[in-house]
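Each of the next two complexes has subunit A plus one more chain, namely subunit B in the first and subunit C in the second.
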Partner chain A sequence: MKCTRCRGAAEVQLRAHNSAFCRPCYLLFFRRQVERAIASENMFTKEERLLIAVSGGKDSLALWDVLVDLGYDTTGLYLGLGIGAYSSRSHDKAAAFAAARGLALRVVELAEEGPGMAVPAVAGLTRRPACSACGTMKRHYFDQVAHDEGFDVLLTGHNLDDEAARLMGNVLRWQRDHLARQRPVLPPSHPKFVRKVKPLFLCSEYETAVYAFMRGIDYIVEECPNAAGASQLVYKDTLNRLEAASPGTKQAFVKEFLRTGQPAFASTEAREAPRECTGCGMPSYGELCAFCSMMRAVQARAASRAAASDRAAPA
Partner chain B sequence: MKCTRCRGAAEVQLRAHNSAFCRPCYLLFFRRQVERAIASENMFTKEERLLIAVSGGKDSLALWDVLVDLGYDTTGLYLGLGIGAYSSRSHDKAAAFAAARGLALRVVELAEEGPGMAVPAVAGLTRRPACSACGTMKRHYFDQVAHDEGFDVLLTGHNLDDEAARLMGNVLRWQRDHLARQRPVLPPSHPKFVRKVKPLFLCSEYETAVYAFMRGIDYIVEECPNAAGASQLVYKDTLNRLEAASPGTKQAFVKEFLRTGQPAFASTEAREAPRECTGCGMPSYGELCAFCSMMRAVQARAASRAAASDRAAPA
Partner chain C sequence: MRVHLHPQRRTVDIDGRRRVGQLLAELGVLPGTAMVIRGDVLLTDAEMVEDAEEIEIRAVISGGSGA
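What follows is the complex of A and B.
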């Protein structure tokens, strides 16, 4: 198998692109895919300050690596979710990546933000699924750090497989409001929000893993223990089967959605602008934002538990 | 496991409906599903003459069985595709079903319509995929018989799995024009067309097979040999995995599409009415309809082959 670009010996074959590449040409190809996504979607410029949410996984670290290489002004944000050994290992990977390259990494540890703030505690106290509690925490801290520290853009490492799986879930239930908003660039709907972008939205999980491997990036390979059985994984498996039967399916599904599918949904009602949460001051559609409502529930539940254990204690 | 309806011993469990049924209650349940589809979509009335396209498979025979039971005025139409032993066995099944019940079955054998008219011959001469040639033949003869013999409605046995697989294919490529027209009732776009309906569109393949089995319907079990590797089968497999992970997925996918998804696409341009084909007189968007164009290609190719073999013959 020969490299499509230089005709040398190829190391990786990409059926979806009907191509094969040697290592140097693959790295160039991957970088160009990211550059092209940034340019074609007008994601950000070299003058803007970028905050990259890094989990210690291959996607966010590969994204950070490419952006540093391309000369962007980047800072990492690691949010410690408190999910046992998984979280401590992912923190180690993110911190080692930043330290080895002299990059700025901002760290927020939920467990240090207050009692009962780690994801397992929040999920337990509120009886919400862990992934739902986690999503609310991430959105809040990502938005808050980006706003408080004056960043222009918030970047996440969502890849093609993530986007295709999310699209599949939205389509299987025909969630028009979700379909209307699933884009690689989300403009801010309030002055306290920053633009949110996904520069890897057309790079598959496999392509990102190959890039991380070739670049010697040491990332956390294990999935979050809470993800087991999540419907996203079923959708990914489904899409991998469709991709195997017809290479290019995932990319066409997401690209054609953005080009011809989504305009049909986007025409529906413009959503009103959010006001500000009376708890934290961040944008919210209700009086309290989702994060503050969840925190109230955590505090109420923790207080009632404490009262119950006081009553149970001998006088 | 108890019957959800009568609390007797259940024979079949339907996870998508969170139900289980004994044999008599299942037959009632299935019939009611069909009745409800007919009523809710205003498919047809007892006063109309129904032409049912029957292939000898479980879906079309189960549909015919239910409709006879419900007292509709039905006639079967069997189109002999000329696909070897598969076609002769499917003809036998359809004919035996009709004969045993004293039902009218109209038979059209493509091989008797003219030279080179059977599906394998058409596909070979025109170099089209067999399924594409077959689809064009079916559409033409179904439409023509329905019109020429004064039927009000043309019915096909497409089931939920067929509709969900078709929807998946249309969604993966975001084919807006196909999405705009995928409905269980297609009103005629020309006076020579009749209404086309799919009364089993919410009955799964499994449910239809159980009905056919319980009713002792002898149907052709084998798939058409040309279907192997067809993308429809990949989509069906995919949807079966999603259904296993979350029962009810297929039904929700199709129902929610019709309720909330499709209106987004239907709003696009109204298609102009077809004119009449200069070849056969049936409605067509071009000067020649797809069937007549294909027939011209068959004749031209057959003529050039004959000329070539004349030249090759000794003088």
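What follows is the complex of A and C.
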């Protein structure tokens, strides 16, 4: 198989793009895809301070690598979720990536934020799925660090597969409010929010993995132990079967939604501006934000368990 | 050939040379969901893997709450 660009020996084949590339041409192709996404969606400029949420996985580290290469002002944010050895290894990967390149990495460890704050404890005490608790924690800390430390933009490594799976989930349940807000650039709806962007939204998971591999990025390959059975993985598998039968399906699904569907939902799903949470002061659509509501539930459940334990103890 | 599957941490031995695409189909791996690695090089579906070779099939799918 020959490289579509230089006619040398190809190392990677991309059916969705009807192309194949050698290593140097692939790296150029991937960087151009990211550059085009940033430019076409007016995501950010080289004068702005970018905070990149990094997990130690392929997507966030590949994104950080490309942005450093393109000369952007970046800082990484690693959130330690407290998921045992998996979190320790993820932290090590993110820290090693930053150290090897002399990049700034801000670390927040949930276990150090207070008792019962690690994801497994929160999920257990609130009886919520771990991924749901994790998502709420991430959104809160990402928003708070971006605001408190004066960043202009918050970036995540969500890729095409993530966006297609999320879109499928939102469509299957016709979650109109979620569909109205699913886009690669989310402008701030409150002065304490910063712009949120997803520069990899048109790069497939395979493409980001290939980029990370070719660049020698040492990322965490193992899956989060809590992800087993997550609905997002079921949607991804379904979409990958469709993609195998008809290459380009995922890209068409997301691109056409963003061109035609999302604006239609956005025009009918007006949302009032958020106020401020009475607990943490961050923007919220209720008296308490989702994070503070969850923390109240954690505290209440922990107190009730402690009281039950005291009653059961011998006098 | 010896095939290491990651992140499953599973190794399987398969007899006979194969094209990568055929090998992936036999192992039930969908196209575009895993990288096939020989040494420090990626293989396309059209590449042949010889009986005596060792390769890694590394899944690329991640999931959960995202970000």
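Just so it is clear, the second predicted complex is superposed on the first by the 312 of 315 C-alpha atoms of A that agree within 3 Å, B and C clash if a C-alpha of one lies under 4 Å from a C-alpha of the other, contacts with A are read in each partner's own complex, and residues count from 1 in each chain.
Heads up, the rule we're going with is that a residue touches a chain if its C-beta (ideal position, glycine included) is under 8 Å from a C-beta of that chain, and two chains touch if they have at least 3 such contacts.
Keep in mind the model is a prediction, meaning the values are calculated, not measured.
Visitor: Taking the superposition as given, does A:Ala20 touch the first partner, subunit B, the second, subunit C, both, or neither?
Guide: second
Visitor: With the two complexes superposed on chain A, say which partner A:Arg241 touches: subunit B (first), subunit C (second), both, or neither.
Guide: In the superposition, A:Arg241 touches subunit B and subunit C alike.
Visitor: Please tell me which partner, subunit B or subunit C, touches more residues of subunit A.
Guide: Touching more of subunit A: C.
Visitor: Identify the partner contact of A:Glu205: answer first if only subunit B is touched, second if only subunit C is, both if each is, neither if none is.
Guide: Second partner only, subunit C.
Visitor: Once chain A of both complexes is superposed, is A:Asp162 in touch with subunit B (first), subunit C (second), both, or neither?
Guide: In the superposed model, A:Asp162 contacts subunit C only, not subunit B.
Visitor: Can A:Gln232 be said to touch subunit B (first), subunit C (second), both, or neither?
Guide: second
Visitor: Shared contact residues on subunit A for subunit B and subunit C?
Guide: 237, 241
Visitor: In the complex formed with subunit A, which residues of subunit C make contact?
Guide: 6-7, 30-33, 35, 37, 41-46, 58-67
Visitor: In the complex formed with subunit A, which residues of subunit B make contact?
Guide: Answer in residue numbers: 171-174, 176, 231, 234-235, 237-238, 241-242, 245-246, 249, 252-253, 256-257, 259-261, 264-265, 267-268.
Visitor: Can you list the subunit A residues touching subunit C in their complex?
Guide: Contact set of subunit A toward subunit C: 1, 10-13, 15-16, 20, 53, 55, 57-59, 130-132, 134-135, 138, 142, 156-158, 161-162, 165-166, 204-206, 208-210, 213-214, 221-224, 226-227, 230, 232-233, 236-237, 240-241, 243-244.
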